């Protein structure tokens, strides 16, 4: 009969309308500014730099300015300049550090490739998305100081990944110490032996390309 | 001439909030006017690219932009208050975007949503991509992200409402539409033989802040 | 019927006779690039006789973002997130098509589990795309709001799944050459399985809302007919082609991935009109649910990435490859030419909705402007892919 | 389906004047191609579409490729027996030659009726400047219509016999062909806060000259 299709449709809308008063599956509105969304652990927005010690963020940056992320970043929104001197990193080993590290969040496409290619677990994805601003230049071009966040923060936003990273870094560190101790022991036994090789820091990729 | 909007009405914000909770509204003309304006920002129904889908999502049930008074997406620029530049503006599209902006009546606002609208974003090195819509029209709020979540758009909208609420209705700080010689029509670029001409609106896009970068080899 | 002066000699499409007692001038109307119904920044220059379309020229390029040029200056991996932004509703299938082209180019094997996960994600994407399309089509028909709102309610559920797996709602950047980026957890799979179980009832409800609606039938049946011969010759693929009755689905024809292991049917249309295109998509969603159930049941354990696949410094040998899969909109293919360097020498996207638009004029001739809007809606275009 | 070599022989028998070359593809995809000459391309294409054993009724993909002029070094290795009776020496002879620039169009054909493919066709222009005309295959496959327009727009290949050869992605007044390798995009690099690589060189012209002894900020 003509009109049954329309009636059937109206019944569906009526069901949804009535259902929206008692059924959470039909009332899906998230009252956003009052109720913050429950972001999944994997959610990514913009990158940040991890430092090991919150009290001395610049001294304990994991980044060693290898410039891999700068090179691999598809939209080219990372800018790194190497330091001329070296500073001890968290393990006490002398390392180059980034003198300038800038990310232009007005360009970044949140693709996470910088995180995937970083051999030092130094750059991770943040989850802050409430960053609308009236100033395009100063507010969206983030420098080293604005980008750096402590490892504890990383643990709060990506607990699983952070735990994995910590376990891996600890294992690497222990292996390095082990090796250094063995080398020192060997050196003590045979003073004429060649000096111990540098402890490996790179975990995934040993062949770091030097910057152009 | 005395200031028509006294900055100190003799009552603190907390007291005023307390009164408001009891149903007593104390307001000035400026506050009432801006309150009305800020809660009825009607956007133009204008989607460009990926971000437009998130803009539509923001207007749908889950994010419900109607809670902010902005659900009335107008198809015609003549009825709209807000231009949400939601996506990549190509050089071929730039004249049309500027024309739409010029067709909108004052007071009007512009939100650059997403990386492409702000700076060209991931596509900024492309030959047909405009490196930011603020080269041609004045932008009030920038929302970075690729694409920003619908919540981020709502956050940007709240920022815009905040901005509207704090605008004076008289004096030199008043918005364009209340200024006697306020003119917001932007010159429309033309598609030339190799590029759009002019490549930017000189009045809006002055030299960007100087950025001293030690020259890398 | 009088022979129309507007018969298109190459295609034979012609104009229905219009009221000849009211002679008047033809009128040229530019629809778009800002038009509320053109699905983005698409423009049609329409010549009208009264309200009947006698000529229609599509104008593209308002979203030409130089994807191909950028990809030729980026590494193979660096182009992966850009493919998300081609057809921004279906990033997972775009990723897969690109990954498949590179895997063919370099001869990379994909672990079995990754193939299953890809099928699961591609079919979820198909659900998402077709649901949204139905909503947008209804929007074009004039029922503004309700169907689209229901469609987006379901879309959000699928996007939540994508987000918790890949980290982003729309731009997943999930596939890699030789596998997938992260392994879905048991918890994620349980959630996906639950969504699939709930999707059938939603489709029933969605169909009760729409399919029998007399206004919808009157607006869509017999509108925008496409013949099978023209569809094949014009390279039309996907649901558009199958609505004309041609049994051609790359999931069956090429049998890529692990699709040959699943039992599913290919819905075919008879008339090739807007209604058939709408119905094909609804029926395809039901088949997708069947594939998803089988994929969940058969998902093997094992690695998700081929350990031999390289992430950085990937340089395929000289050669070229054309890889294609059945995306929700049709055949999405990538043509890659390698000169042995880190960047592709030539990178071309065979965008289904771009080529499906070839026959837009033939479909619209003789119909009214209002019909042109729903014909365009039924082709299912996304401008990011049309213009690239 | 017959192999591409058999197909080439069949075409050569049917079109004796045509120059059909089998272009091998060394990649694992093994999608080899037939390079046709411009004069017979449309006749051969029609044959491929209508031949009952082939029925390549769907032209899926049309692409242009730009091959600018480049210098190629050919290395020929010859094994020279050592006259003294030792191990034979391998002598490398390097010859340099200039590979002329050219533009190429690639068509990917499939058969929906018989479910086979792809057969890849290639057409090559004489050079990159004036001899850029190729026959259009739009009369054979309608799907080539917009794709050939795109190739014309981005690469500047002129398709003879195309019903409506206009720019499609760029605007009508645009003069360049941006997908060519030697295309230079307009200079709008005045705000590049994160430059490196090519962009750094382009952006440098807009930078203020750095202070001579400015130390990098720690």
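A few comments on the model shown:
Note that the chains take the letters A, B, C and D in the order they are written out, and that residue 1 is the start of every chain.
The rule is simple: a residue touches a chain if its C-beta (ideal position, glycine included) is under 8 Å from a C-beta of that chain, and two chains touch if they have at least 3 such contacts.
Keep in mind that this is a model prediction, so the values were computed, not measured.
Distance from each chain's C-alpha mean to the overall C-alpha mean is smallest for C.
Annotation: 27 Å between the Cα-based centres of chain C and chain D. Averaged C-alpha coordinates put the centre of chain A at 33 Å from the centre of chain C. Separating the centre of chain B from that of chain D, both taken as means of CA atoms, is a distance of 45 Å. In chain C, the residues that touch at least two other chains are 61, 64, 66, 69, 73, 81-82, 153, 156, 171.
Residue positions 169-171, 178, 193, 195-196, 199, 216 of chain D are each in touch with at least two other chains.
Shared interface positions of chain A, defined as residues touching 2 or more other chains, are 28, 74, 76, 79, 81, 100, 104, 107, 109-110. Taken as a graph of touching chains, this assembly is fully connected, with contact between every pair of chains. Interface of chain B with chain C (complex): residues 45-50, 52-54, 56-57, 60-62, 75, 87-88, 90, 92-93, 96, 100, 116, 122-123, 125-129, 146-147, 149.
Against chain A, in their complex, chain B makes its touches with residues 61-64, 67, 115, 118-125, 132, 134, 139-146, 148-149, 151-152, 154-156, 158-159, 163, 208-209, 213-214, 216-217. On the side of chain A, the complex with chain C involves touching residues 2-6, 8-9, 11-13, 15-16, 28, 40-44, 68, 72-74, 109-113, 116-117, 125, 205. Within the complex, the chain C residues that touch chain D are 10-11, 60-61, 64, 66, 68-69, 73, 104-107, 230, 232-237, 246, 248, 253, 316-324, 331, 333, 335, 337-338, 345-346, 348, 350, 354-355, 357-359, 387-388. Remark: chain C residues 33-34, 36, 40-41, 61-67, 69-70, 73, 81-82, 85, 88-89, 148-149, 152-153, 155-156, 169-171, 383-384 touch chain B in the complex.
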